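First chain A sits with chain B, and in the next complex the same chain sits with chain C.
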Partner chain A sequence: MSVSVRSTILSQFEQVAREQNRKLAPLSDDLVLMDSGLDSLCFAIVVARLEDALGFDPFGATEDARFPVTLGDFIAFYEDAAK
Partner chain B sequence: MLRGRSVLILTRDQLTAALALIQIDGVARRLILCPPDLAIEHLPLVMATAQVDAVVSDYARADIGAMDGTHFITCSARITPTAAVRDERAASEWILFTSGTSGPPKMVLHTLGSLAGAIHTGGRLAGANIWSTFYDIRRYGGLQIFLRALMGGGSLALSSAAESTADFLIRAGSHAVTHMTGTPSHWRRALMSGAAPRILPQYVRLSGEIADQAILDSLRAEYPLATIAHAFASTEAGVGFEVEDGLAGIPANYLGHSNHGVELKVEDGSLRIRSPRTARRYLGNESAPLLDAEGFVDTGDILELHDGRYHFSGRRGGIINVGGLKVHPEEVEAVINRHPRVQMSLVRSRKNPVTGAIVVAEIVLKPELAAAEPAGENAALKTEILENCHRALAAHKVPAAIRIVPSLEVTPSGKVARPNA
Partner chain C sequence: MHNVIVTGGSRGLGLGMVRVLSSAGYNVIAIARQESAELAAVIQDSGRGPVHFRAFDLCDTPGIPGFVKALRREFGSFYGLVNNAGLGTGGLLASMPDAQIERLVRLNTVAPVILTKYVVRSMMADGGGRIVNVSSIVSFTGFSGLSVYSATKSSLVGFTRSLAREVGKVDITVNAVAPGFVDTEMTESLHSEQRAKIMRRSALGRLVAVEDVANAVEFLLSDKAKNITGTVLTVDAGSTA
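What follows is the complex of A and B.
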């Protein structure tokens, strides 16, 4: 499960960057999301697409009121919600 | 030189605009504060509507086109104040631009009195605070903070469009900012920047979009010592109210009586505000009246009452607010419907944790073509439609997701049924 969540997320980052003509930084777990080359609108689209692809939105469900800062946080956020 | 004139303040730089405002208020008959994103092609209309006869700008005259018979005054952030003689009886009119959608800009008439109406309420917000705001001070939300800092004897750290959210927060932190304001989308971006711990505010305010419980809780967790407030304000209706109990929505007892001269009510589903802080009227002859017969402004924001609190559920007419930028669904639908295989479409808002809301579309295909269509080719069709949207629309208006549906509900009057419409 976690491998597919991760790969789904990474492919959404790449696809949205392509659609929005953004230069995506090399994706690694310690990449700060705001430095990834995507802007707020791109993240909004990624989250909306992930909700469609994975069937859930951890931002809406979580009790933990922390926003992910790095790509690793972001993936863990989704992986935890998928458990 | 500017006495009695209608003065357009058009600057690249926020600080230049700030200095020009201080200098010109009480001197000019009217000052028109241009927002940073005003399209130059709208200038002739703006100048005619506001009867501009002088321009104060840090642009070169040639950059903004010829303006015959208009005084042009070059201004920079290095101007020094002079002891202008102000006529206290003749308050300048302040013309602000509404946070528009598309098409020609809309202007409303305020005075310094209506703009500052929310400021003299004393309490925590009075005094020499160190303010900062994600807003540009040439728009209503930012101008409020500028005036608060100025009138309260505090200081203000301006944001800059050229600076990343993280760099701005680090700079704000280095100035020991105590009071900071922005939209929920601004704050979400701050929390994702990694630099949110670089400021230690006593007071955090959200306005301009719906503040949901998740963003209020996230800010509470990040700034446990701060007051987390959400406020309603618009260029037209002024500052309506502020909620400080940390919960989303508005306590029902805020409505129906006067609080600091501000009266709120719900009529036909939407929030109405009557107060000395509202704008007086729209500028231009063909505009509808801003105030109804009883002096209320219809905000167009739809409220629903549950569990003792009113909650915003969207905009009248289904206008979608994507991170502070408004989208008319009809504009997006018109682009989608140009595709030869689309019969009809519905563009709607979907809740989003990053931008508050995002645009999504549902489409119905023309029946003769839909029947012959192998299911797998829908992906290519969606891509074509999205490409059309990207070509014709600003990025925030392009649907994040498209769903092909068998049918859409149509009202008795023959229109696509819209939520909240």
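What follows is the complex of A and C.
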């Protein structure tokens, strides 16, 4: 399960970067999202697509969801919500 | 076939939009608290596009995310959203009950904003869409007894402009339509004298019909309007000209 969450997220990053003509930094767990090459609009698209793909949105569910700092945090956020 | 949601699609302007959009070949989803006999007749005998009714009270803002999710599951991706449902409660501000003020703002401003949030997310995921917000000329002209209503209708103009900037890059357009006075249940409290005055003062010497407003909405949803976003289209027979 967690493998598929991770790979779903990574492929969405790549796809959205392609569609929005963004240069995506190499994806690693310690990549700071703000340095990933995606802007806030791209993240909004990623989160909306992930909700479609995974069936949930961890940011919508919590009252004061802080946006994760690194890609690793972002993935962990989704993996925790999937449990 | 493109799915278009029309809030307040059971009566008045919304019902007219449902008719016109169905004739234009959209799959129309009309939202209101109750299905009207007129809407039921349109569903029975729709134009090129089928018409559906789904009951929902838009004042129930916490229920909006789940409602949108259910619509998406049932109908698939959304092409258009027309935020038309609204209350036209009038009254002098000094004597308007606070609860009534909050209800107006909730239905006319908060509900369309939250509904748009969830629909636009889905449009973003799908890579495009059209949003039309129904404002009113009173947001530019002012009208005694409609201060709260005007505030809500102006709020949709600001919302339209900024959201258009936000989502333009994903090929979503956001526009507003500002109708002048139209004969519907909302305006039936205006007496014939006021009606005659509005007519006399309009450049064209007549009132706007429901179909005129519906046609403007259809245009903004159509491919012909693909390069129009962040604007307000006034449909008022020249009342504010």
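Definition applied: the second predicted complex is superposed on the first by the 80 of 83 C-alpha atoms of A that agree within 3 Å, B and C clash if a C-alpha of one lies under 4 Å from a C-alpha of the other, contacts with A are read in each partner's own complex, and residues count from 1 in each chain.
Here is the rule we go by: contacts are C-beta pairs under 8 Å (C-beta built on N, C-alpha and C of every residue); 3 or more make two chains touch, one makes a residue touch a chain.
All of these numbers come straight from a predicted model, not from anything done at the bench.
Undergrad: Let's test your reading of the overlay: on chain A, do chain B and chain C clash or fit side by side?
TA: By the criteria stated at the top, chain C and chain B clash after superposition.
Undergrad: By the touch definition at the top of the document, which applies to A:59: first (chain B), second (chain C), both, or neither?
TA: First partner only, chain B.
Undergrad: Looking at the overlay, does A:49 come into contact with chain B only (first), chain C only (second), both, or neither?
TA: both
Undergrad: Would you check which partner chain A:67 touches, where first means chain B only, second means chain C only, and both and neither mean what they say?
TA: first
Undergrad: Touch check for A:24: first (chain B), second (chain C), both, or neither?
TA: So A:24 meets neither chain B nor chain C here.
Undergrad: So, A:34: does it touch chain B (first), chain C (second), both, or neither?
TA: First partner only.
Undergrad: Could you look at A:76 and tell me whether it touches chain B, chain C, both or neither (first, second, both, neither)?
TA: neither
Undergrad: By residue count, which of the two partners contacts chain A more extensively, chain B or chain C?
TA: B
Undergrad: List the residues of chain A that touch chain B in one complex and chain C in the other.
TA: Looking at chain A, the two contact sets intersect at 19-20, 41, 44-45, 47-49, 52, 60.
Undergrad: Could you please specify the touching residues of chain A with respect to chain C in the complex?
TA: Contacts found on chain A: 19-20, 41, 44-45, 47-49, 51-52, 60.
Undergrad: Touching chain A in the complex: which residues of chain B?
TA: Going through chain B, the ones touching chain A are 164-166, 185, 188-189, 191-194, 214, 217-218, 220-222, 322-323, 350-355, 358, 360, 386, 390, 395-396, 400-401.
Undergrad: Using the touch definition up top, name the residues of chain A that touch chain B in the complex.
TA: 19-20, 32-34, 40-41, 43-45, 47-49, 52, 57, 59-60, 62, 65-70
Undergrad: Which residues, counting only chain C, touch chain A once they are in their complex?
TA: Going by the criterion above, the answer is residues 65, 121-122, 124-125, 127, 166-167, 169-170.
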